[in-house]
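Right after this note come the structures.
Here come two complexes built around chain A, the first alongside chain B, the second alongside chain C.
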Partner chain A sequence: MFSYCTDPSTLEGLTWLSCYLTTGKHLSFYASFVTVLVLLAITAPTALLFGFGGATAARSRIAPLRWFGKGYTAIVRGVPDIAFFLFFVIALDQAFEYLRHKVKCPDWEEPIRQGNDFIVCQAAKLPLSTAPQWVHETYGFLLAVLTFAIVFGAFAANVLYGAMNAVPHAQMETAEAYGMSHRQAFWRIMVPQMWVYALPGLSNLWMVLIKATPLLFLLGVEDIVYWARELGGTVNPRFTDYPHGDWRLYYFTFLLIFYLGFTRVSEIVLERLMKKLTHGQATTGGEAQRKAAA
Partner chain B sequence: MSCIETIQAYALRSIGLGERLLPRGDYTLCEHFTLIGSGMIWNVYFAVMALLLGFFFANVLALGKAAQSAWLRKPSEWFIFLFRGSPLFIQFFFAYFLFLRLKSVSPMFDGLTAAGLGALIVLFLNTAAYSAEIFYGALRSIPKGDVEAADAYGITGFRRFRRIIWPTMLRLAWPAYTNEAIFLFHATTLVFFSAFPVHQQKGDSLYYASYFADKTFNPFVPYPILAMYFILFTLVIVWLFGMVNKRLNRHLPQAQRPRVRYRPNLLR
Partner chain C sequence: MKKLILATSALALTAGFAAADVVRMGTEGAYAPWNFVNDKGEIDGFERELGDELCKRAELECEWVKNDWDSIIPNLVSGNYDTIIAGMSITDERDEVIDFTQPYTPPDPSAYVAMDPDVDLENAVIAAQAATIQAAFIAEQGWTLVEFATPEETVAAVRNGEADAVLADKSYLDTVVGTDGLVMLERTEAIGGGVGMGLRESDGELRAKFDAAIQSMKDDGSLNELIAKWEVSSQW
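The block that comes next holds the complex of A and B.
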């Protein structure tokens, strides 16, 4: 990175450290923090969407849809999340390949499951074996995002379901008295009002989502945990210009501090948001604000 | 091999008894059930030990956080923030590498890098922090009248704590604490997927489930079996904690007793 880094063996102290911390691998390490942030940025809205779908399904007047919505939240919440992560990554991959197989190779004779193998035709492979490396990585990342969205969607569904029920029933009755249809009352009365009730639950969910991001490592994405293990391990002078002992403890201390800081900042931001949203609301929080101002 | 033989060979495989070699080739459903069930021994061990030990420490921490003196309050607050503010997954990694470092200092710390002790310590500290926050919340919502009544009767000091404040705190905290127990039980699956190594393939239920999924490339059999086991044990926890809840609230008329609602929080 710097011009004086050409011969690291002559360097010492801070200059050595400055060279060490800017090697190519370390830059990948820093980039993996961006991966985590991107994951959060994509997953949070997707999970919210899944959650909204789940909550609406659980309230549906059509019985099978209602069972689906309730079953979705109940099962995901009753089983360890990590089991779901491990399950969905393979299951989704196989489901996609199976669908493509059915479409692209309709005249394929052999069964797909042969003993312990899962075999689809070449054209149905995802990503194609000829695809460049970045396609493989992006595909892996997208599978991870979808998995996160499914699992956290169930949590969000539960929060939103509670929030929908918390909207005073009289509001809905009034809407119907004014001649709104079921659909109109839902979109115009319930959905705008439910957010205040949902926010505490959703902010809790956000914290949990932050703390779930290291699980990306288990899904095979090269995330911060992967790089911390990789970079922290003992390196032999034969393979690197920057030999050092087992530094994984220091790398993980750094990750620990990163997460603590991230949680703290989120806490402060969410608290401000909550203050803003409760302003003028007919809840105890809003009432307390009004009294404090008066 | 018949199913009975499989059970005899593998039921205690996760703690190193019985057949050493894991089954190969075509895996039967019976082998799936037996090995994954065998792995549950670890999950139950971690959950029970961590909860039992964590309960006492959580009480101390909650009292510390509610204390007047900053010398008691600050350390408790920081401890709780440290364990609740960071992912359990990272805590496992951090602890493992810390234990490795300690091991090189003195042979006294040798046992810590094994999951049975090292991971248990992490889970214990983690559940203590989460439960302490629950207990602290309950401590703050004890009805003012209860404490005033105790004062009026001349019950003071430790006796007031032991007979009035503490039971009320438990009563208030119990539904949330039930969820914490379920939640911790689910978290035990993380142990062998973080840094702690699996010794001679003696892993927990998720370890065996993912072993089968890797070998057969078919996730649709082992994971539902695992899910079934977990739902079963979760129901047992709900039942056990429900019994305690009943005993805690035995003075209340039937209708007023708070019901424990199954609402496992989220992952940590």
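The block that comes next holds the complex of A and C.
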């Protein structure tokens, strides 16, 4: 990186450190922080959307939709995350490729499953094996987002289902007495009021999601924990210009601070959000706000 | 003008054909000197150099992919990459699931590293990387085994006293012996059948290409040179 870094063995102290911390390997480490943050930024709203869909389905008056919603939350919540992540991503990928194979190569004669192998025609590969590495990485990343969204969506669905039920029934009855249709009452009365009941559960989920990102490496996405372990491990002078002993403690301490800082910031934001949502609600929190103002 | 169009389309076509030959090479990137991530953040080591040379000889375009050791076989058979080149010993158990090329390093004994040179292995706690021949060997002996996901962690376990010894490929342990008082034991275990490249069972054509390339490197002595350069095993 810096011009004085050409021969690290002659460097000492801070200059050595400045060179060490700017190697290509470290830059990948810093980039993985961005990966994790982007993943969270995309996954959280997607999971919430899945959760909302699941909760609405579970409350539906149409029986098959209700079964689907209840089945989704029950199955996904019951299966261990790690099993989901190992099995699901490969299965999902194969499902996509299978569909593309059926569309793109209709006159393919060989079976798709040959023993242990899963073989689709070249044109059905996802991404194409000719695609550059970054396409593969982005695809893996999107699979990761989808898997996270499905898993956390199920938990969010359960939280939102509870929150919808927690909205006082009298509110809905009043809405319908005013002549609102079922749909209008749902969107105008229930949805705006349910968030205050959902937020404690959702904020828990957010905290768990932040800490679940190391599961990313199972999906082939290199996250911050992977790089911390890789960089902190002992390196022999034969393979590096910057030999050092077992420094995992320092790297993991750094991660600890990062995660604690991140969760603390989240807590502050969520607390403010809670205050805002409580405003004017018929809950004890809302009542307290009203009294304080008066 | 017509000629120009014809020429460009021909070029585009051949480029398309050439690009169809991209072979994705899967490796672990945590097993120096076989494969590791260098300071630049790229995959480096004996297998990097070997793989690049094999691809050149087989006239293939190759791309390197890093994958966790635990899921390295499932990701191969489901087609996320086309070969495993990660210091994987050829065993009957693995051969049932995937196919191997001919070995590119001869079968070498595995070695132990411990803090205490007189450790009694039968009553000791021995560390090994999960899903390796070494882990299978210790389990077979009925000794106490602790498994770790990465090679680095197996050695760290011996350093901090969690395990009394670690069993791994000798070439890997050579890179750590002598640091922090780690010593190599006299005893070695003759397990494994050489290291080869893993491929899907249905990929016979690609396997034949790599087999031929390995053979040609064996014949002209360049494989031995590489082995000597990286000190990964005994020579052919």
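Simple rule for what comes next: the second predicted complex is superposed on the first by the 289 of 294 C-alpha atoms of A that agree within 3 Å, B and C clash if a C-alpha of one lies under 4 Å from a C-alpha of the other, contacts with A are read in each partner's own complex, and residues count from 1 in each chain.
Rule of thumb we're sticking to: contacts are C-beta pairs under 8 Å (C-beta built on N, C-alpha and C of every residue); 3 or more make two chains touch, one makes a residue touch a chain.
This structure is a prediction, so every number in the text was calculated from the model and none was measured.
Colleague: Clash or fit: chain B and chain C on chain A?
Modeller: On the shared chain A, the partners clash.
Colleague: For A:Gln289, decide between first (touching chain B), second (touching chain C), both and neither.
Modeller: A:Gln289 contacts neither chain B nor chain C.
Colleague: Is A:Leu255 touching the first partner chain B, the second partner chain C, both, or neither of them?
Modeller: First partner only, chain B.
Colleague: For A:Val120 in the superposed arrangement: first (chain B), second (chain C), both or neither?
Modeller: second
Colleague: Which partner chains sit in contact with A:Thr240 here, chain B, chain C, both or neither? Use first/second/both/neither.
Modeller: Touch status of A:Thr240: second partner only.
Colleague: Looking at A:Leu27 after the superposition, I want to know if it touches chain B, chain C, both of them or none. Which is it: first, second, both, neither?
Modeller: In the superposition, A:Leu27 contacts chain C only.
Colleague: Now for A:Ile75: first (chain B), second (chain C), both, or neither, which partner does it touch?
Modeller: first
Colleague: Check the residue A:Thr263 against both partner chains and state whether it touches chain B (first), chain C (second), both, or neither.
Modeller: In the superposition, A:Thr263 touches chain B alone.
Colleague: In the superposed arrangement, does A:Leu218 touch chain B (first), chain C (second), both or neither?
Modeller: So A:Leu218 meets both chain B and chain C here.
Colleague: Looking at the overlay, does A:Leu86 come into contact with chain B only (first), chain C only (second), both, or neither?
Modeller: In the superposition, A:Leu86 touches chain B and chain C alike.
Colleague: When the complexes are fitted on the C-alpha atoms of A, one of 63-71, 153-161, 171-179 or 207-215 in chain C overlaps chain B. Which is it?
Modeller: Between chain C and chain B, the clashing stretch is 153-161.
Colleague: Determine where on chain A the residues touched by chain B overlap those touched by chain C, and list them.
Modeller: On chain A, the overlap between the chain B and chain C contacts is residues 86, 90, 94, 115-118, 217-218, 229, 246, 248.
Colleague: Across the complex, what residues on chain A touch chain B?
Modeller: Per the touch definition, chain A meets chain B at residues 75, 77-83, 86-87, 90-91, 94, 113, 115-118, 155, 204-205, 208, 210-215, 217-218, 225, 228-229, 232, 246, 248-249, 252-253, 255-256, 259-260, 263-264.
Colleague: Tell me, which parts of chain A touch chain C in their complex?
Modeller: 23-25, 27-28, 86, 90, 93-94, 97, 114-120, 122, 125, 129-130, 133, 136, 217-218, 220, 222, 229-230, 233-236, 238-242, 245-246, 248
Colleague: Which residues of chain B touch chain A in their complex?
Modeller: 26, 81-82, 85-91, 93-94, 97-98, 100-101, 186-187, 189-190, 193, 206, 209-210, 213, 215-220, 223, 226-227, 230-231, 234, 264-268
Colleague: In the complex, go through chain C and note every residue touching chain A.
Modeller: These residues of chain C touch chain A: 19-20, 22, 24, 29-30, 32-33, 36-42, 44-45, 63, 65-68, 70-71, 74-75, 77-80, 82, 97-98, 150, 152, 155-156, 159, 175-176, 179-180, 200-203.
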